[in-house]
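Chain naming follows the written order as A, B, C, D and E, and within any one chain the residues start at number 1.
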Amino acid sequence: MSETNNEAVRSRTTHEQRSLQDASSERKLAPLVPAAEDPNRALVELTHVEKHFGDLHVLKDINLRVTKGEVLVVVGPSGSGKSTMCRTINRLETIDSGDIRIDGKPLPQEGKELANLRAEVGMVFQSFNLFANKTILDNVTLAPIKVRHMPKKEAEDLAMDLLARVGVDSQAAKMPSQLSGGQQQRVAIARALAMRPKVMLFDEPTSALDPEMVNEVLDVMVELAHEGMTMICVTHEMGFARKAADRIVFMANGQILEENTPEEFFEHPKTERAKDFLSKILTH
Amino acid sequence: MSETNNEAVRSRTTHEQRSLQDASSERKLAPLVPAAEDPNRALVELTHVEKHFGDLHVLKDINLRVTKGEVLVVVGPSGSGKSTMCRTINRLETIDSGDIRIDGKPLPQEGKELANLRAEVGMVFQSFNLFANKTILDNVTLAPIKVRHMPKKEAEDLAMDLLARVGVDSQAAKMPSQLSGGQQQRVAIARALAMRPKVMLFDEPTSALDPEMVNEVLDVMVELAHEGMTMICVTHEMGFARKAADRIVFMANGQILEENTPEEFFEHPKTERAKDFLSKILTH
Amino acid sequence: MNGFLQLFSQYDVLGAFLVNIELTLWSALFSMILGVILVVMRISPISSLRVVAGAYVELFKNLPLTIIMVFMVLGAYAQLKLSFSDTFATNFFWLAVTGLSLYTAAFVCESLRSGINTVPIGQAEAARALGLGFMQSATEIILPQAFRGSVAPLGNTLIALLKNSTVAAAASVSTETSSLMSQMIEFRPDVIIQIFLIFAFGYVILIIPIGMLTTYLSNKLAVRR
Amino acid sequence: ACGADETGKIRIGIKFDQPGLGFKKSGTYVGFDVDVAKYIAKKLGYSEDEIVWKEAPSKQREAMLQNGDVDMILASYSITDERKKAVSFAGPYFVAGQDLLVRKDDQSINGPEDLNGKRLCSVTGSTSAATVKEKFASEVQLMEQPGYAECATALFSGIVDAVTTDDIILAGLASASRGKLRVVGKPFTQEYYGVGIKKGDTKLAVKINNAIVDMIQDGSWENAVSDNTKGTDYTPDVRYNPPTPNEGEDA
Amino acid sequence: MADTSNSVLFDAPGPKGRRTIRIANWVAGIVFAVVLVLILMRLHNPPDGENQLSWELWKPALEREAWTDFYLPGLWMTVKATVLAVVGAVAFGLVFGVGRLLPNTLLRGISAIIVEFCRAVPVLLLMIFFWRWFAFAGLPDPSYWAVVLALVLYNGSVVAELVRSGVGNLPGGQREASLALGLTETQSLVQIEVPQAVYAMLPAAVTQLVVVLKDTALGSIIMYTDLLQESRRLGSMYFNILQTLVMAAVIYFIACWLLSRLAEWLPERMQQRTAAPAEPEPLAPIAAGDASNVNQIAVAKEVEELPFGGAPRKYHVHHRGTNASIRNWRRTRYEQGYDVEHPETEEQHDRGAGKPGTPQAPDPKLSSREHEHSDHGTVFKRGDNIGGGRTSLGAKPKI
C-alpha cells in the first residue's frame, strides 16, 4: 500500500509543482537557498545529547549529523522524543549534556547570539503558530525587520516573493484566522524562509491539517527539498518521507534506533520496534 | 490502493484478534451478544423520517432497515446528516415526522420507557464522552447498577470482564483523563456493552483519535462484528467498512443515495456523488 | 504614637471587622440559597421561570449596589414596611444583609450557571444514551461536575461579597469598617495613612486566605477532561 | 471649577443640596444662604452675574478657603473655636438652633425630651443626633442617612418620628413638604452661622459685617427668612435673632 | 460563552412533557404577575405616608428640568469619572500586568504585591481614604479624584490580572515561534504576547467597565455629585426621592446593560486577532498569584452551540497550549493531578501488567496532551495552567 500511497503523493505533487513553477516563472524570484559550497559540511551536529524532563529521560545519547542540502526525516512513535530533539536544535528546549553545533559553531546559551542563531534555523510547528495579532504580511516581515533590521519596503518585497512562492500572496492582507490550516502552514513556511535560514526544522507540519490540505503543504516542502534546502522533518507522512528524504531516522523511547535510506528503512526495517511501528502506521 | 489498504487492515486485525482471543481464553468470558433468534427480524427500522434544523432540511425521507446481526456502515460527506440520523435512533435528536422502531416497538417519546429503550441501544460517540468525574470502572458499572439494578459486585465483575476484553482492565482504577484517546474509546465501547444492548451505534468512533490509536479501536469493533452484534457505524475508515460491513449506506445532503454491499459500493458506485466522494476519501 | 494606640482602645476596630464578617456570612448563606433557586429557574425548561430569573439576574447585575442598599431602607423598609426588628441597629443590619443577598444572588446564579456550562453536553448525552433518567444523570454526572466547575467563580463571588459588605454603610449600618474608618479619620486626621493601612491590611488578611483556599479547592476538585 | 473665566468675579461657596438654605434649581441657586450671599456680594461691588457659585460640602469647607478656591463660604457654617484655627469668620448672619421636624399630625413630640422610645433621623457624620441622645432622651433610637431628604422621606413614611438638625434647615424642609411636616419650634442649642473667609482677612470681615448690618436694617434679612420658610409657621429664635455681626474684625 | 446549561440537563421533551411545561409556564407566570401587582398595590396605598405611584411625585422626577438640571449633569459627572478611571485602569493594568511577567524577580515581586493589595482592599475604603486625604492635603475636587483614583487602583489590578492571564492563556507556540525566528524574549513579549493579550482581554475589560460605572455610585457616599447624588438632590426638593432614585436606577441599568451587550459582541471580533480565548467574563484569577483556575472555566468555552439549540458535535480537544507554564509543564500537570504517577514508573507498570497483544498505547496521557493537535483544523488553544512558573507569589505548589 505504501507504494500506491506514494504514487498518489507523487502524482499530486507534480501537478501542484507545475503550477507553482508557472507562478514563479512569471516573476523572477530569488533562489530559496544560498548557493551551495561544500556539500559535505555538517550543518547540524548533535553529539551525546541527553535530556531529562524531571525523572523522564527523553533524549538518550543522541548523535546526529546533517550535512548541507540533506533532507532528514525523523519518524517514531508518539512520545519518543522527536519533537524534543527538534526543539533542542534551536534551544527552545535546553539539554542536560552533550553538544549541539550549527554550521560548526556550538549553540550559544543566551542573549543576542542565541537569537541570531535561532534566526538561522527556521522552524515550522505542527500548530502553525502564526502571530494572531498580525496580518499575513506582517507575520512574514516581522522578523526580517526586527532581527535583521531590513528596511520595511525590502522586507515586504521579500515577503510577497515568498508568499507568492507558497501560493498565498493573494491573502497577504488577511489575518491568520481567516486562512485555512493549509494556507496558514504555508505562510508559516514562508515566514521561516524569510530569515534565509541555513536549515529548516519541521515538527509534524501536517498533522494538524485536514486531510485535504496535507498535500498542499507537502508540495511546498518537496519543492524546498528539491531546491537544496537542508531540512529536518518530523512527520508521519510516509509518502513524503519516501519521496523527499535522503535519510530516515527512527526514534523510540528517546533513542535513535535506526538510520537508513528510505528504501532500506521501509522495506527492511532492522529493529522490532521499527517493524511494529511501520505496521501500525501503514495499515489504514 | 484501496486493495492494499484493505489487506493491511485484514492482516493486522487477524493478528490483534488472535491476541484478543488469547486473552479471552485465559478467563472465561460471557458472550457479548445475546444468542441469536430470528436472523431476519428488523432490529432498527426507520420509515419516512424527516428532520429539520430550522430551515435546514437535514434528513429527507430516510428509510432504513437493519436486521439482527447486520453490520451497517454509513458513509458520506461531512454535513450530510449521518450523525443526525444515528442520533435520532435513540432520540438524542427528535424527528419531525416519520417513524422509528427498535425491535418492532415504536420509539417512546419520554420517561421511563424512553430510558429503557435507550438502555437497549448502545451508543459510542466520536468524543468518547466518558464521565469525567468517575473512574473507568465506575463509568462501566454506573448504568448496570442504576438502570438494570444489578448488584454492585456483579456489575463490577461484568465490567472487568468487558474491560479485559477491550484490553484496558489494567486501567480500571484510573480517571478517564489519564487514558489515551484510544483507550478511552475502548472503555466507551465496554461501557455501552455493559448494558447488553441489542444494537450498537457508532458515530465516527475513531476520528478524534491519533493515527496510531485508530486500529486498536477498530479491532475491537471488528471483533464485535464477528461476534454477531448488530451495528450501525458512521465512519470514514474505509478499510473497516470493507472488512466488517454487511451493507454500506451512502448519504449525501440528508438523503440516502446508495445502499449496497461493500464490494459493489467501492468498485461500482452508482451515483456521481458517491464516485466523487470515494475519489476524495481514498487518495491519501 | 501613644495617641495612635489610644485610638484603638477608643474605637473597636476588631468589632467593626466582625460586623463585616457577619454581614458576609449571612449574606453568603442567603445569596447561596436564592442563587440556587434562581439557577434552577434559569435552566428549567419552563420559559416563564427562565424569563423571570434571567430578568432578575440582569437587573441586579447592572445596578449599583449603593442604589440597592438605599432602596432597602427607603423602599423595602420605609414603603413596603419590610422590618426585621424594632431595634434600629438590628433592623438595618438585616436590611443590609437582605440587600447584599439580593445583589450577590445574581452573581451566585451566574457562577453556578457557568459551572453547569463547563459540563460538555456530551456527558449528558452519554448518560441519556445509557438509559439514565433525569434525576440519575443530574445527580450522578451533571451536578457533581457542575459544582466543581463553580468553585472558582463562587470563590470570587465570596471575595467580592466581603468587600461589598462595606457598602452596608449606605443602608445605615454605622458600625462596620468603612463607617468606623471615617469616624477615626475625622477624629485623628493626622494619622490618616496609618488608619487606612490598618483597615486595608485587615482586608488583605481576610481575603488572601479565601483566595488561596478557593484556588486550592478548584484545582483539587477540577474535573480533568 | 471647570475652566470658567473667574477674573473679576467673586467665588462663593454654598450648599447645593439643602432646600431653604442653598439649593441648585433650574440652573439658579435659591435659599437663605444664597440670598445673604447675594446681598453681601452686591455690597462688595459684584453684580449677580459676577458671582461664581461653588459647592462647599461640609467636610471640604476649610480646605476650599485655605486653597483659595473660594473667597467666602456661606454654607450653614457654624462659628467654632476649632474652625477658627484654620479659617476666619465674619458675621454671624443668623443664629440657628437645633430643633426637631415632625409630622404635622403628630402632637406627641413637642421637644427633645419627648423623644424617649421614639426614632430619630439625622445625617451621617453629624453630631446633632448624639446631642439629643446624650442630653435629652437616652432611650431614643437613631438612624443615619446620607441626606436630609432621605430623613424627611423616612419621616413621611413613618419609620422615624422626628428629624433633627438646625431649625432653619428644618424649616426649609418643612416648606417643601406640601404642608405635611412641621418644625417643633423649640430650639435647644445655638449655632452662630458665619461667613467663612480666608484666615486673618480682617478687612473683608469688616466689609461683610457692614453688609450684614445693612441687610438687617433695610429689612432684606427679614424678607429672606420668610421667603425661604414659606408655608411653615417658623420664626427664628427671637432671643438671638437678628444677630450682631462682629466676628473676625480683630486680627 | 455558549450556554449549554439547559440542554445539558434536559432531554428534548415529548408530548406529555410539553404539556406539563405549558401548564407550569402559566402557573408560574400568573404567580409572578400576582406578586408584582401586590407590590404595586402596596406602593399605591401604603399603611403610612403617600401614594408612591401618584403623578404628583413622578412628574417632578420625569420633567425636562429634572433632566437638564440633575440627571444629565450627574450622568456627565459619572461618565467623566468612569472614562478617566478606565483609561487609568488600563494604563495601570498594562504596567503592572506586564510587570508581573517580566524576567526580573524584583520588579515581578513588587508588581505582584501592588496588584494583590489593590485587589483586596474594598473600593469604598480606598475612596474614603483618598477623599479625606486629598481634602486635608488641600487638593481641588478631592471627591472626584478620590473616586477616580480608587477605581483606577482596584480596576487596574483586575486589568493587570487580565493581562497576565491573557498572556498566560496564549498557546505556548506563539512565544516559541517568535523565539524561533530570532526575536528576544522581551521583543516577543512586546510584539506578540502583550498585544494579543490585550485583544483577548478587551471584552473582559468592557465587562469591567460595567463594574467601574457601577462603582462610581459609591462616590455619592463621599459627596461626589454623580448621577446618584444628583437624583438624591432632586428628590430632596419634592420629597420624591424614591421616584428620582428609580430614575437613576433606570439610567444606570440602561448604561450598564448596553456595555454588557458590547462586551458580548466584542469577543467574536477580537478572536480574529488573538490566539488566546477572548471572553466577556473577566476570568481574573482569584488568589494571590495563582491564575490556574482559568482552565476550569475555559472548558466551557469549547462547547459551541449550534444555531438552533441542538447539540454540538465536535468538541473534544485533546491538546491545549499554554504559554506561561511552558517551562513548568510537567510539574504543573503533576500538581494538578493529571498524572497520578510519574510517567516513567507508570510505563514500567504498564509493561509489566500489559498482556500480550493488548494494544500498547505508547504512554498515553502525556504524549497525547502535550502537543497541540486539533480536530479538523479548528485550532482550539486553551490555557491549561496559567502563571505556573512565572510568578513569585503563588507559583509554589498550593499544597
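We adopt the following convention: a contact is a pair of C-beta atoms (placed from the backbone, for glycine too) under 8 Å apart; a residue touches a chain by one contact, two chains touch by 3 or more.
Owing to the predicted nature of the structure, the values given are computational and were not obtained by experimental measurement.
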| item | value |
| --- | --- |
| Longest centre-to-centre distance from chain A, chain (CA-based) | D |
| Chain whose averaged C-alpha position falls nearest the assembly-wide average | E |
| Cα superposition angle of chain A on its copy chain B, in degrees to the nearest 5 | 165 |
| Highest C-beta pair count, chain pair | C-E |
| Rounded Å distance between chain C and chain E, as computed from the means of their C-alpha atoms | 16 |
| Mean-CA-position distance for chain B and chain A (Å) | 39 |
| Chain A-chain C separation of Cα centroids, rounded to whole Å | 54 |
| Inter-centroid spacing, chain D versus chain A (mean Cα positions, whole Å) | 83 |
| Multi-partner residues of chain D (at least 2 other chains) | 146, 150, 153, 156-158 |
| Of all residues in chain E, the ones touching two or more other chains | 11, 13, 17, 46-47, 49, 132, 136, 220-221, 241-242, 311, 315-316, 338, 362, 367-368, 373 |
| Residues of chain A engaged with two or more neighbouring chains | 77-78 |
| Of chain B, residues touching chain E in the complex | 16, 18-20, 22-23, 26, 53-54, 56, 83, 87, 91-94, 108-111, 114, 126-128, 167, 170, 174, 177-183, 207-208, 210, 212-213, 215-216, 219 |
| Touching residues (chain side chain A, partner chain E) in the complex | 53-57, 77-80, 83, 87, 90, 92, 112, 115-123, 125-134, 142-143, 146-147, 175, 177-178, 180-181, 188, 191-192, 195, 204, 207-210, 213 |
| For the chain E and chain D complex, residues of the former touching the latter | 46-50, 65, 68-69, 132, 135-136, 138, 140-143, 220-221, 223, 225, 229, 232-233, 235-239, 241-242 |
| Residue ranges of chain D in contact with chain C within the complex | 119, 124-125, 141-146, 150, 153-154, 156-159 |
| In the complex with chain D, residue positions of chain C that touch it | 70, 73-74, 77-79, 87-88, 92, 169-170, 172, 174, 179, 182, 186 |
